[in-house]
Structures are given as structure tokens and as C-alpha cells.
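Please read through the structure below; I'll follow up with questions.
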Amino acid sequence: MASQPSRPSGRRPDQPREIRLTRDYTRHAEGSVLVEFGDTKVLCNASVEAGVPRWLRGKGQGWITAEYGMLPRATHTRGGREAARGKQGGRTLEIQRLIGRSLRAAVNLKKLGEFTVTVDCDVIQADGGTRTASITGGCVALVDAIRYLQRKKLIKGDPFVQLISSVSVGLYKGVPVVDLDYPEDSGAETDMNVVMAESGGLIEVQGTAEAGVFSREQLNAMLELAENAGAQLFEHQREALGIRR
Amino acid sequence: MASQPSRPSGRRPDQPREIRLTRDYTRHAEGSVLVEFGDTKVLCNASVEAGVPRWLRGKGQGWITAEYGMLPRATHTRGGREAARGKQGGRTLEIQRLIGRSLRAAVNLKKLGEFTVTVDCDVIQADGGTRTASITGGCVALVDAIRYLQRKKLIKGDPFVQLISSVSVGLYKGVPVVDLDYPEDSGAETDMNVVMAESGGLIEVQGTAEAGVFSREQLNAMLELAENAGAQLFEHQREALGIRR
Amino acid sequence: MASQPSRPSGRRPDQPREIRLTRDYTRHAEGSVLVEFGDTKVLCNASVEAGVPRWLRGKGQGWITAEYGMLPRATHTRGGREAARGKQGGRTLEIQRLIGRSLRAAVNLKKLGEFTVTVDCDVIQADGGTRTASITGGCVALVDAIRYLQRKKLIKGDPFVQLISSVSVGLYKGVPVVDLDYPEDSGAETDMNVVMAESGGLIEVQGTAEAGVFSREQLNAMLELAENAGAQLFEHQREALGIRR
Amino acid sequence: MASQPSRPSGRRPDQPREIRLTRDYTRHAEGSVLVEFGDTKVLCNASVEAGVPRWLRGKGQGWITAEYGMLPRATHTRGGREAARGKQGGRTLEIQRLIGRSLRAAVNLKKLGEFTVTVDCDVIQADGGTRTASITGGCVALVDAIRYLQRKKLIKGDPFVQLISSVSVGLYKGVPVVDLDYPEDSGAETDMNVVMAESGGLIEVQGTAEAGVFSREQLNAMLELAENAGAQLFEHQREALGIRR
Amino acid sequence: MASQPSRPSGRRPDQPREIRLTRDYTRHAEGSVLVEFGDTKVLCNASVEAGVPRWLRGKGQGWITAEYGMLPRATHTRGGREAARGKQGGRTLEIQRLIGRSLRAAVNLKKLGEFTVTVDCDVIQADGGTRTASITGGCVALVDAIRYLQRKKLIKGDPFVQLISSVSVGLYKGVPVVDLDYPEDSGAETDMNVVMAESGGLIEVQGTAEAGVFSREQLNAMLELAENAGAQLFEHQREALGIRR
Amino acid sequence: MASQPSRPSGRRPDQPREIRLTRDYTRHAEGSVLVEFGDTKVLCNASVEAGVPRWLRGKGQGWITAEYGMLPRATHTRGGREAARGKQGGRTLEIQRLIGRSLRAAVNLKKLGEFTVTVDCDVIQADGGTRTASITGGCVALVDAIRYLQRKKLIKGDPFVQLISSVSVGLYKGVPVVDLDYPEDSGAETDMNVVMAESGGLIEVQGTAEAGVFSREQLNAMLELAENAGAQLFEHQREALGIRR
């Protein structure tokens, strides 16, 4: 291993960045979590609203959705403000669809009743992995929003099913690594986002070869790293939420 | 196998639909291919334009991009026309980003010179798998566009690197199946789109659990099906293009 | 006549292009017709939906509307995708208003009941005359949609009134000609679109001098050509629909 | 004629409304004309700007274009403000395309040099015929803008070719009538807008059957009325501009 | 005072421009007033509609709102048409919010009942002070709209509370002046819009230093000028409306 | 004073909330300041970009502009995301115009050279006074951006002129109070935002009567409070920036 190409951050290939989950970060949202994956900082606010979208009305179930945004100067150079440009870009829409889909796997929508929980993930500072941090932090905010509904006796049962977390993996200089930061992300040959369920098993796998191709063996090596990091992420989430396993 | 739940179409789990690739389907585009995966029909037109997007200018390379659309009544019930609604939806943007990314893996952009090839994939009739058909047919149209550039002596070398094809796989009633049609697609527990390179190896893997989770073993079983179907797709592409292996 | 300037296509001044009407071109729409005026090919899909626009509700009548679009590479050079630009252009809106207005003349809206038929006319390949082909083919698709309503016993009476067809005429090198293709259309001094009723009589006349002016005599000579071509178009429509006169 | 159905306004079938053309109505525009066709009042401002649209650059010619709008309460009930809705409707785009096309027939664009004249036609009060009034008044404003260019010695020759005017005709209770006001316009069986050149001859004819059809004979009877009214309109324009015939 | 820097118009510092208020300027609106502050001309049309915005429904009160627009050539050089650009600019939105807020102070919304009055202020010709003229003229149109409701017995009581008027003041070459025209407005060090109630007292004060700062003393000197001009504006409004004090 | 109506927060009428200015809050922006006025928290990021807007090019001066946004759940109930709605609302545009105008008073644009500084003010948590906090914090971020330009030797002189700060004042239950929080803001009879220069003097005054009117005396009493609070704000800014007076 002595000859292994080192990661820009000096981390080992299987070493995620330092993770922090700060609950009650702002005071209005029913769930408000600042999630930090190293220098990536995302504010995840879960808002509860009575009612569901039109196409779900009368079906006796709830809905979980997500929106994603980046502050214009979350990145190295200033990006245009999407509100000023008049539309959300394709990358934004793709990410918020992924977050929403992932978080719905944490909840039994039937038991949620006719409530909508919207999880806003706004990137305060970006250093790679904003979508995986959003899912991981957004799940904690979502749990707080569900607890709010229970505390206020707005719902009876417990719609919470399981924790969901996410981490990126990739091939960097030919080596599988976990939780890529921006310098790695922009140089990786393959980049993959993995969404995992606490109970084990995969919710979503999105792998892209940026240069060349990747093999089934490399895919499995990367998934191995993701699952190991996932175990740590679930531990962080349980600790933040005061859940004993 | 007698007890295996049958697919709605009566196909075997590893059996893709009938594939047809019709070149020169319309007469204006430099590459024009109608691709059919069973009842899914997509018109892939590759257009050559001199010049590249602003952010690539002066770098001595070309660009491949894709746009995707559905005719309003390509589907069972009429969908609104995106031009009339005033924006492309998130699903559309996500798909056209995937197609463009996949097709760029077929080409050496440096050797393409300062030309842009835009591959328009317009769905005439939808029955599941429109994005995988678009990639598979779009690649053939792209090759025709490159041949046009060579025939007109607008470029010297050969920017074509390898064929790219794509197929969907999924878990349907717990069984891994390939090339899902609409009835399967809407009922599958897991849905995965796989983009493959002719030389072997994966370009993109996007798997989503619609209900429950999927395991690493199931992922690998699905990839096995995709690779086998990919071999047939490459054969169809080569035959359509008159390429001998 | 020996000195008459010849048409680029070699057609006689009063000779329309070959017309083809293919019903059931796609399988989801209640009426689906591919119409070809020579190399101009338009897919006309008629979709039936229960209900009418808000401003018609409760009046006990139905509605016919049309939308028009061009695939980006239907033309010699690629045109921008209207969905990507975020709005339909003035030409598109003008054409789809014309198609809708014309097709409403084919139907007794009172007898249609509270149903809306939307006729989508999407140009697969353009060579002049896309709006006249759309009206002619759209009318056949509309008849199929009405038959669907009758077959499903969703309406009782017969809202169909009469066939509507359309053809372009113009002055090309000073000579009145019918059914202009693209080379003529772009060089004509006057261009006129005529919409006709099977029972005789005009539904819409839109004539524009592109260079110079046109006289009442020339207008009448052009209308003469249009009416003769109209007789042929109605015959094609009846044959396609299996209507005996 | 005693039994002839009377027009709501009491006018004879061949009698246009009172026409007024007031030049220099506002003080900033190079040409500013308030045109009144009875109670229809349109402010036509012609603005001169150096340069031409991108697609005309370097061709040594000028450009004439038009924009059309209605003040929200120009009509009986308030219409939404197009700027607030975020787009111009199909009717607006169709009308401004017609005005621009018509006014270009008044000018030799080669002699105009690389200037653009934009004619804004804003309806202050509507009572039918706003597009025909816009063309008639807009032509006078355009002539003033050309005179401005000559007076300032910005161009050498005279790009003015001929006056253009426009009037509506229609079938009202089966009788051909000229210059329809709102009550007639909303009840007419056929409505037709005719654009004419001072030298004789037609520039544009747009006739629409709102109910039933119209015959070639009726078309010609309407055109007869239009041409007679056109002679009066040209006289009004010449008088307003101080042109002796 | 001999050495006082003269105003471009030759007016005294405390002298507003000639004010004209012409009622019934167009015939469809329930209140229609052309207001002129010198060469600034704004058409203010007040439209009555039954019902209130969604968020006010069922509260038993009415609503007053305003929209503002400039004809493209109301100004020295042509400004783009907001409807064509697809959105109202920040300046437009800011002004129409101010007008609406100001006019609501003229009315007891409870007594108005569930009616909405929309006051459209469209600038025909601009020479500085378009927003203050809009408020002053819009208030007269609003009173006419209220009188219409009373005359038609659609409401019982009198929702009219008091007249509202507005004027601009500023520091021009260091001297406080009232009712700035365009040459002053574009050169002033400070520009302030003041909205006043007939009963005395301020409704809105918006002062901006364009260069340097302004002191409390200068602010008060400007307000003194505004109040004196306000007295004249209220007199004009009462006279136009036939109100005896 | 014993009978004075108490403020909801228990503060004295002349007592602003606790102010905090945290520099270097994020790491990418040239100036990054979190400003807190009590529970109102705004992240102000100043970004330096070479070049100026088109209309300023070649004039040898720089430009300062601002953009403003609220995270969707910065408020008590979730507000729609402006990027998703496709446009910035009138309130947003009004506020960002005010911030930009105010901050330009802090800088000599000539000495800035052809650089643009964009100050993004994004509200993390709202409790009244977001625009005044944005100006106060944005000014500190702007100074850091200017220092960056000097440190990198991109400019020679010192374009910084003076500090700018802002605070709200109002009439709450008839009493003039300073720095209104949300409960006061939503109940105040008059609300006024005051922008002040460090050198003394006013930059902008925007006062609005929400109910009734306000008098000149009340205006002056409110300005007195604003100026006193301003002195404290400038002291906070100097301390944060390490400026000795």
C-alpha cells in the first residue's frame, strides 16, 4: 500500500470526511438540521403542511418531497442565482428528484396521513458530495418533522420506517475511494452516489464513468466502501436523534 | 422454472424485445435513425453544426449534446406539450443529460474538431425504455453524422471510438428481467438503466428501488442480464451500420 | 404554354404533390394519422378527454383545439427546440390557432357533448405546406376520435358535420401554382393558404404578398386552383376513412 | 334595400366609420400618430434606431418591425396585462407579425440603410378593427420616421415606396359590410382583414368564416367594399401627411 | 435669491408643473382619468370586478390593487416592451406596489364589500414624476369607480375615506425643489416621493440620495415643499370630481 | 414612562436588538459575513469578478450590485422557492435594488476599476429587519472584498469611502421604536427603513403608513431613534473590521 496514490486530503481510501449533524439549526422549521461532510455544509429544513398535492388527494396518504438549491457563492466562483435566471437548472432538478425519492423510502406514506413534508436542502458551502449530505441530513430533519406531528397529536401511528443515508464513492487515479471532496470529484474517472437503507440494502445507485469505463469488479469494490461508510452514517444519525439501536 | 411468475408480454426474463434500427428515416439530418424496442419508437436525428458552445471555444475540440422530447400523445394519456407549458420538466432534463453524457463516450472530442453534434431523440410512441432506446439509436445516428463529416472532408481523422448501447433491467415480482415494457416498468420493485461500451465495461448505472430495497446480489444479477442484452444490441448496431466485427 | 416557367419539381401548375393518409399510425391516440404531402410528413394525433376548458363549462357543448410543433430537425437546418427556449414562437401559435379554428368547422360542438378533442400536429419532416397538411390530416384523425366516442357509446348523436381540407396556392414567377413545396414557397411572390369545406365554400383564406402586390384576378385564379385540389383532397380523405360519397 | 338588415351603428354597408389621424401625438417618437376608426383609438409610435437585427447585419439594408399591445382596460371587461402574465398571447403575436409584414411593403429596405424602425401600436380604446387601424395609422407614423431620417440627413435617398392601408370587411346577417365595429365583429358570420397598397393591389387578405362558409362571390363582394374604403383611407393618409396626389 | 441656481424649466423652487385631470378619458373603464403633470401624461383606468383575491375570500372586505406600465416610446429612447421580454422589471413592480398601497389609504376596504378595483396606470408620455402623477390621477379614477358601485347600488355605504395625492421633491444643485421634471430628476442629488392624505399627514415617504447624503434639515425643507404642493393637488382633485370642501 | 405600552420583546423604545457580525463565515467568497439582528440571520457574501456590466464598459469604473433571497423556511410558514416559481417577486426585487443602491454609497466606483462586486444577501432565518441587516452586514462583506482586491494588488488606490448601515424604525401602538422584530413589524402603524452614512447624513428613507398616517413630528422622532442606533451599528462594523476611529 506504500505506493498507493495519495488522496488530496490525505485521507485513506475508505475514510469518509468528518460528519456533523446539528439539529434545531434554525427555529421556524419543524425539522432543521445543518449537515456537514467536511467543508460541505447543507441546511436541511423539513416543513410540515396539511394537505397533499392534487393528484394524491383523497387517497388517505401523505407525501414527502424535496427541493435543492445552492447559495450563489457556495462554490469557488459565483454561480448565477436560479431565481434570477428564472428557472432551476437540470442538475438542480435531478438532485432534488433524487433526494425526494430517497427520503420517501424512510416513511410509510399511508401512516403519514394527508400531510406533506417538504425538505429544503440549501447548500451554504460546497466541497463535493452536496447531494449525499442532503439526503443524510434531510433524513434527520424528516424524522424531527414526523416527531413534531406525533408530539402535536396530528397523527396517531408512527410513519417512520427506517433511516436513509447516502455517500459518494468513485475511482480516483484507479483506486476506489469514499466520500469524494471537490478536488477528487473533479478529477475522478468514475463517480457514484449510493443511497442506503438502515436495514441493509440499496435504495439508489447512480454511477457514471467520466473517463473510460468501469468494470463490475470496480463497481462492487466501490459499493463495499459505500456500505462501510453507510454504517458510520447511520450511527451518526442515530446519535444525533438519540436513537438507541 | 415452471413456477416462475410470467412477464406480462410472455417473454423470458433474459429476453429483450424485438429491436429495429432504421437509418435515413428522415432526409434532412446528417444522421437519422428510427429505433424501435418493441412498441417503443424513438426518432433520433443527429445534426452537425460548425462551432462549439462558448465555454469550449478555442480549445480545439468538438462537442456532443442531446435533447429529448415526447410527442404529447406518445403515451397512454395525453401529456402536456412542454413547449406550451414553457419549460422542460425535470424528467426530460435528466434524460437528455444522460443521453448526452453516454454518447460522448462514443467519441474522441479532440479528433472531432470544432463541430457540435446535437442528437435529438423524440419519442413517437412510448412503451417503456425510451431513454435506453434513445441512447442505442442515437449512437447509430451519431456514427452517421461523423461519417458525413468524413465524407465531406470536414475532418481528417476518425473521432469514432466505440459503440455505446443501453438497456433497462429490473426486479419484477422479485425476478430480475431485462428490457422492461410499460406494464412491467410501472409495476417493478427496482428499475435500472445500464449504459455499456462495446469494448466491455460500464458507462453508467442508474438503479432505483421503487418499493423496498435491492441487494448487491440482485444488482449483479441484473447487470448480468444487461450485459447479455448489450451484446445483442451491439450486434444490431453493427449490422445496421454495416460494420463487420 | 411551352414558354411557361417550369416548377422546380417539374409539376404542372395545377398539380398537387402525392398525398398519403395513413390511419392508426401510433397506437395510443383515439385518432392517429400520418399525412404526407410529398416530402412533408406530419403526425396528427387526436386525443379525447372528458371535460371542456373552464370558460365553456356548463354550456353543454364540447371543444376542438389543436397544437402544432416541429421536430427540431424537420427542416434543412436545425431549429431550436421550443420547449428548451421556453416558449412557442409566434409562427407556431399562429398556425395552431388556424388549425383549431379550421377543424371546429368540421364538427357540431353541441352534439359533441362535454368532451375536448385535442389534435396534435407534429411535423416529422418539412418541405412546405406543413399547416395545410396538418389541417387535412388532422381532420381525418378528428373523425377517428369522434368514431371512438360513438363506438364507446360516450355520445349519442353524430357531431361530425363535414370534411375540411386545406392546400396552399401562390404566385411563383408570376404563375399561379398549387401546393407549393419548400423551394417554391421560399421564392414565391404571393403565398396563400386556403381552407375548404367538403360541402363547397371557403372556411379560411390567408394570402400574403411577399414581394409586390397581387390583384383580384390573381386571387381568383389561385382560389380556382385551390378548389380543384380541394376536390382531390376530399376524395383522399373519404377513401382513407372508407366513406362512400 | 328597404328590407336590408340594418347595422347596429346605423351605417350603410359600404360606409366606414369616421377616420381621424392625429400626427405628433406624443413628443419623443420620431413618428407619433393617434389613429381613430370611430371609437377604436390606437397610438402608433415609430422609433428609429441605428442598426439592424443580427441576422440582417452587413447586408446593407434596414428593417421595419412592429409591436402591438392593448391597454388592459381598452376593452369592455379588463383583460390581463401581458407583461404581468409573462408572455404575449397568440393573438398579439399574430397581429404584430401582420402589421410588420404590411408596413415593410411601404418601404424599400435597401434604401433605408442600416436603420431599424419599430412601430409600436398600443390600443387605448378598442371597438373592433384594432389591427386595421394600427396598419393605417402605423404607416403614417412610419412616413414621419423616414422624413426624420431624411431631415437629419442620416439617409440620402427616399426609401418610401407607397402608402399602405387596411380595413376590415365581413358578412353580417348575410350582407357584406365594411369596417366592422365590436358589435358587428362579434356577431359576423365572416370576418376579413384586407391590406392594400396605394398603387392598387392587395398586400394581405385574411378571411375567416366564424359560422358556416363563405363563397367566392361573397369574397369578391367584400373585397370590393374594402377597395372602396381603401381609396378613402389613402386620401386621409395623404391629407394628414400633406401629400398632394 | 438673485443668485439662486435656476431650474431648467424656469420654475420657482416651490412651483409644481401645470396639473390637468381629465375624467372619462376612455369609455369602458368605471373610472378613466388622464392625468398630466406638465409633459408627463398617464392614463389611469379603474376597473371594478366582483370578487377578491383568494387570500381575502370570505373576510367580507374588498381590495384595491394597481398595475403600472410604460408605453415603449413614452421615453426619450425606446424601452423594450415588458410583455415581449416576458417579465415586468423591478422598477415597474416597485412602482405598482407603491401605487396600490397608497390608494388603499383612500378607502375603507370593509365598506367596499367583496369587490376588487384594479387601477391601471399606463404612461403615455414620460417627463419625470410618473409614479406621483399615477397616484394623484389614480385616486380620482378610483373615486369614480366607487361612485359607479354606489350608482349601480352594488354597495350600500360609502367606502371612500379621503383623497390621496403625491408629488416628488428633491435637491437640485443643493436647492430643495418640487415636482421634478426629467432634466431635474436625472441630475438631482436627492430624489424623494411623498404620498399625502387630504386630512393632513404622510402616507409614504421615499427619499434617496443619488449623490452624497441629505440631512434632516434638508428632508424637512423638502417635505415642506411637498405639503404645499399637496394642498394644490387636493384642490385639483376636488375640482375635477366636483367635491366642495 | 410607567404607562408606556411595552414592546413584545421587552426592549426599550430606543433599544436595538443584539447585533453580531461574523466575518469569514464561508470560505469561498472574497467577503463573507453572517449578520445577526437578534433572531434575524443573513449571510452576506461579496464576490469579486473582473469586468463590469455591458452598459458600463469602457468608462473606467467599477460596479457594486446586490442580490437578495430568503431560504424557503426562513419564515414562520414555508414560502415558495423563487427559483421553482420561475421569478423573483416584487418584494425581492425592491429589496435588492435598495441594498445595491445603498452599498454603492460606500464606494468610489471610479477608484474601484473595472471590477464588479456582487453582494448576495441570503436570509437564513427571518425575524423582521432582513433588509436593514443585509445592508449593515453587506457593507462589511464589501469592505472585505475591497481589501482582497488591494491585497492581491488588483487595484492601486482605496475605493472605500465610508461605512453604510441601516436600521428600521416605526410607530408601534403610537410610540416610536427602533429595530422592529417580526411581532412589532406586523403590528406597527408605520414602518420605516433608514440607511445612514458613517459621516452623518441620510442615504435613503422609506417610510410607509400601514394604518392611518404619520406626521412630520413622528417622522423626526423616528429618525432620531434611527440615528442613535446607527451610531451603534457603525461601532459594531468598525469593531468587526478592526477599524479604529
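Chains: A, B, C, D, E and F, in written order; residue numbering restarts at 1 for each.
Here is the rule we use: a residue touches a chain if its C-beta (ideal position, glycine included) is under 8 Å from a C-beta of that chain, and two chains touch if they have at least 3 such contacts.
Chain identities (UniProt): A, B, C, D, E, F = Ribonuclease PH.
Note that the coordinates shown come from a computational prediction; the quantities given were computed from them, not determined experimentally.
Steps from chain C to chain E, minimised over paths through touching chains, total 2.
Under the touch definition stated at the top, chain B and chain D share these contacting partners: C. Taking the mean of the C-alpha atoms as each chain's centre, chain D and chain F sit 51 Å apart. Between chain C and chain F, the centres computed from C-alpha atoms are 60 Å apart. Measuring from the averaged C-alpha position of chain C to that of chain D gives a distance of 28 Å. Separating the centre of chain A from that of chain F, both taken as means of CA atoms, is a distance of 33 Å. Shown for chain C are the residues that touch two or more other chains, namely 86-87. Taking chain A first and chain F second, the full cyclic order of the chains is A, F, E, D, C, B.
Listed in rising order, the residues of chain D touching chain E in the complex are 26-29, 32, 39, 41, 43, 45, 47, 49, 67, 69, 71-78, 81-84, 86-88, 92, 118, 120, 122, 124-126.
For chain F in complex with chain E, the touching residues are 87, 89-91, 93-94, 96-97, 101, 105, 192, 197, 199-209, 212-216, 219-220, 223.
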